[in-house]
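In the two complexes below, subunit A is the common chain; its partner is subunit B in one and subunit C in the other.
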Partner chain A sequence: MAFDWDVIWRNKYLFLGGLSVTLKLFVLALAGGLPLGIILGLGSLSSRRWLYYPTRAYVNFIRNIPLILVVFWVYFSLPLISGRSLGPFTSAVVAFVIFEATYFCEIIRAGFQSVSKGQIQSAYSTGLTYFQMVRYVLIPIAIRRVIPSLLTQGIVILQDTSLAYVIGLREFVRTAAIVDSREVRPLELYSFVAIVFLVLCLVGSLVVRRLEARDRQRV
Partner chain B sequence: MNKQDTAKGSEPMVQIKNLSKWYGDFQVLYNINVQINEGDCVVICGPSGSGKSTLLRCVNGLEDFREGDVIVEGVSVKEVSHNRGIYKLRSKIGMVFQHFELYPHLTALQNITLAPRKVSKVPGQETEKIAMELLERVGIPEQARKHPGEMSGGQQQRVAIARALAMKPDILLFDEPTSALDPEMIRDVLEVMVNLAKEGITMLVVTHEMGFARAVADGIIFMDEGKIVEQGDVESFFKNPASERAKDFVDRVLVHI
Partner chain C sequence: MLRGILLTLQIGIISWIIALFAGILIGTFRTFPWRPLRVVGTAYVEIFRNIPLLVQLFFWYYAIPPLVGQWLNRMHNLGYYCAIFGLGIYTASRVAEHVRSGLNTVPTGQRFAGLSTGLSQLQLYRHVIIPYAIRVMIPPLTTEFLTVFKNSALAMTIGVLELTGMADRINARTWHGLESTTGAIAGYLIIGLSIITLMSLVESKLRIPGLIKR
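Presenting the complex of A and B:
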């Protein structure tokens, strides 16, 4: 059989559109999931019971169900309660933030625990308030220590975005499926999608390794 | 000593009154009473586990306590410990820790300027100038742009002292500041502390450096098992310790010197 790689070039605008949806979803999942993860991480270390128990219940609940169920729940079930649909893109963003924040929480919690009690006390001893201590001492030290794990999780999220396929979002993988239904070139199309994901993730891993090397000198 | 001359007013700078503290059911401090006048340098010594560090941390509210109170410059630590007043109180009390506890992601200069910038809202340029002066004072201006990981223990501890001084505190607390240092570094840090004591800043120092105590301390407190066993004048403590336990301790540390 003959390969027809031109099928990709012919549909380049469709692919660019799909890729941009995937990247947008990825960036928004990070932009929402990371801050929420930090808040959940702080809650997970709180000595206040009314903060600790709800946080841990939320994190453990979400972490123990498949992502696809969260996506379904937000897309299909939420409208039944709220009375209006969010549409596939917003639903996917909401589901990803809800889900990924719990994974970020566990990573960041480990980072927080690596900051010595003495460093926190020394910040307090100069008169810093709780929020100043968190903002200028706890988060900067903790995040630097867990950057490799955070970026690994970022790579996982990038791959997870393809799950939005199931609620009809025209992200990168679904774009290939749509083109395939017209052109019937599954080998070329899905190989191309795989290679693009591979390149994006390899670039990510490279960044991880560079940061790890830099970090070892400092924190 | 001319330090008594600089003391203003009759109120002691720090008053620890009938302070008792428990960890769960275990009592770690028993009815502690201490008065420290402005400009005094008071050394707390005693075997490890005797509650020295815990007592020190009660003064700036890093540890809470169940009974008694600490009055710092007329402010009750107990009263402010559950409101924002504790932050203001701590900004007037500098603290130096056994393991330095510098912020590893910041340079020496940034370690010193963080609190003045964020707590006192002093503009950045001005805080840098003050920080450089402090680094000159502790003898390591050339380390300003380095990170803690690139400095020796002695240098880190001197940065930590500069950081504690940056808020222009009225009182300095030292928690075994030389215990984690290599012998050749200890002298550099002690020298800085001796100068501070001579300048008349009020100091409360937990240490085993009896040479330091004899050189500059105005008073000494000997603790054992959470109780103050003896407190008073430094020379008489070393010459005629009243209790058996203090005698034992003095014998051991003096032989060591």
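Presenting the complex of A and C:
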């Protein structure tokens, strides 16, 4: 069988379009998932029962089901809730925010727990309110400590965005599938997709390793 | 729906067995004092961990059969085997990472002690390091075991009618997507909870006397 790598170049605009959808999804998932993750992380450490139990129930529930099901479920239930069809992209963004926030929550919770009690008490004693304490003390310290884990989760999210394929969103993998259905070059096309993801994720993990090395030096 | 659950269990368990064997092997490679083996191990882990599982499954399902020959395409249940194989070797790369960090928790002193009693490198791993490290690895491996079942949902994309695929099929037939997906969610929760119970039993059985209890 002869290889035909030109198939990728011929469809470069399609692929660029797919990649941009993937990246957009990735950025929105991060932008929504991280703040929600912080809120969930705070809820997980709350001493108020009515905050703690619902948060933990939510986090454990979502973490126990496959992302692909969350994507489907949101896709089916959003139209019922909002009363109109929202299209695959919005559904995908909502599903990713809901899902990834629970993973961010667990990472950030670990970060919050690494902040010593003394620092929090001294923040209160300088007259900060709870929200000021969170905003100026807890988050800056905790987030900086868990940046490597957050970035690793970011890499996972980038890979997860490929799952939006199942609800028909034309992201990177779906693009390859569409091109494949016309050109019938599965080996070249899927290898290409794999290599692009590989490069993106390897660059990501390189950054993570750099950061970890820097952290180790500082300590 | 029940058939879907059974298929999910099947795919999950078989690929877990593949992943466990391959993962322990590769993870062990990465701690070996011989460089080529370490390079192979690292390359394997980096490649399979950094490509989305979906892309890997498509690769095995769509890209490989034309390369190998048409007889594969005529094979019954090709998707099923691809799913098990793909999921197995993907999970192996993740298991390998846990194995490596588990092996690294074994103090170097034990390594030297083992060698100085005349054990060969293989015997050292077989009788000293692996039995010790496996207990450290159980909690992260439990998480991984749960992940296998969640990841097996991806098999639906290559036409395997496991739990998620079944939910999708029901949606296509009856237009009750929300109900069937909710049912599938319940299925995964049941599987997940049973595994957690099972693994905490295993963990307490295998505990090394004298180490900290959780």
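Basically, the second predicted complex is superposed on the first by the 214 of 219 C-alpha atoms of A that agree within 3 Å, B and C clash if a C-alpha of one lies under 4 Å from a C-alpha of the other, contacts with A are read in each partner's own complex, and residues count from 1 in each chain.
Here, a residue touches a chain if its C-beta (ideal position, glycine included) is under 8 Å from a C-beta of that chain, and two chains touch if they have at least 3 such contacts.
None of the values given here were measured: they were computed from a predicted structure.
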Check whether A:201 is in contact with subunit B, with subunit C, with both or with neither, and answer first, second, both or neither. second
In the overlaid three-chain picture, which partner chain does A:77 touch, first (subunit B) or second (subunit C), both, or neither? second
Determine, for the superposed model, which of the two partners subunit B and subunit C contacts more residues of subunit A. C
Under the stated touch criterion, which partner chain does A:129 make contact with: subunit B (first), subunit C (second), both, or neither? first
Where does A:141 make contact in the superposed view: on subunit B (first), on subunit C (second), on both, or on neither? first
I'd like to know which partner A:178 touches here: subunit B for first, subunit C for second, both or neither. neither
Which of the two partners, first being subunit B and second being subunit C, lies in contact with A:191: first, second, both, or neither? second
After the superposition on A, what does A:119 contact: first (subunit B), second (subunit C), both or neither? first
Can you list the residues of subunit A that meet both subunit B and subunit C? none
Can you check the complex and tell me which residues of subunit A touch subunit C? 1, 61, 64-69, 72-73, 75-77, 80, 155, 159-160, 162-163, 165-166, 173, 176-177, 180, 186-187, 189-191, 193-194, 197-198, 201-202, 205
Subunit A contacts subunit B in the complex at 116, 118-119, 121-129, 132, 136-137, 140-141, 144, 217-219
Name, in rising order, each residue of subunit B that touches subunit A in their complex. 57, 60, 62, 84, 87-88, 90-95, 97-99, 101-105, 114-115, 118-119, 147, 149, 160, 163-164, 166-167, 173
In the complex, the residues of subunit C that touch subunit A are 46-47, 49-56, 58-59, 62-64, 66-67, 146, 149-154, 156-157, 164, 167-168, 171, 177-178, 181-182, 184-185, 188-189, 192-193
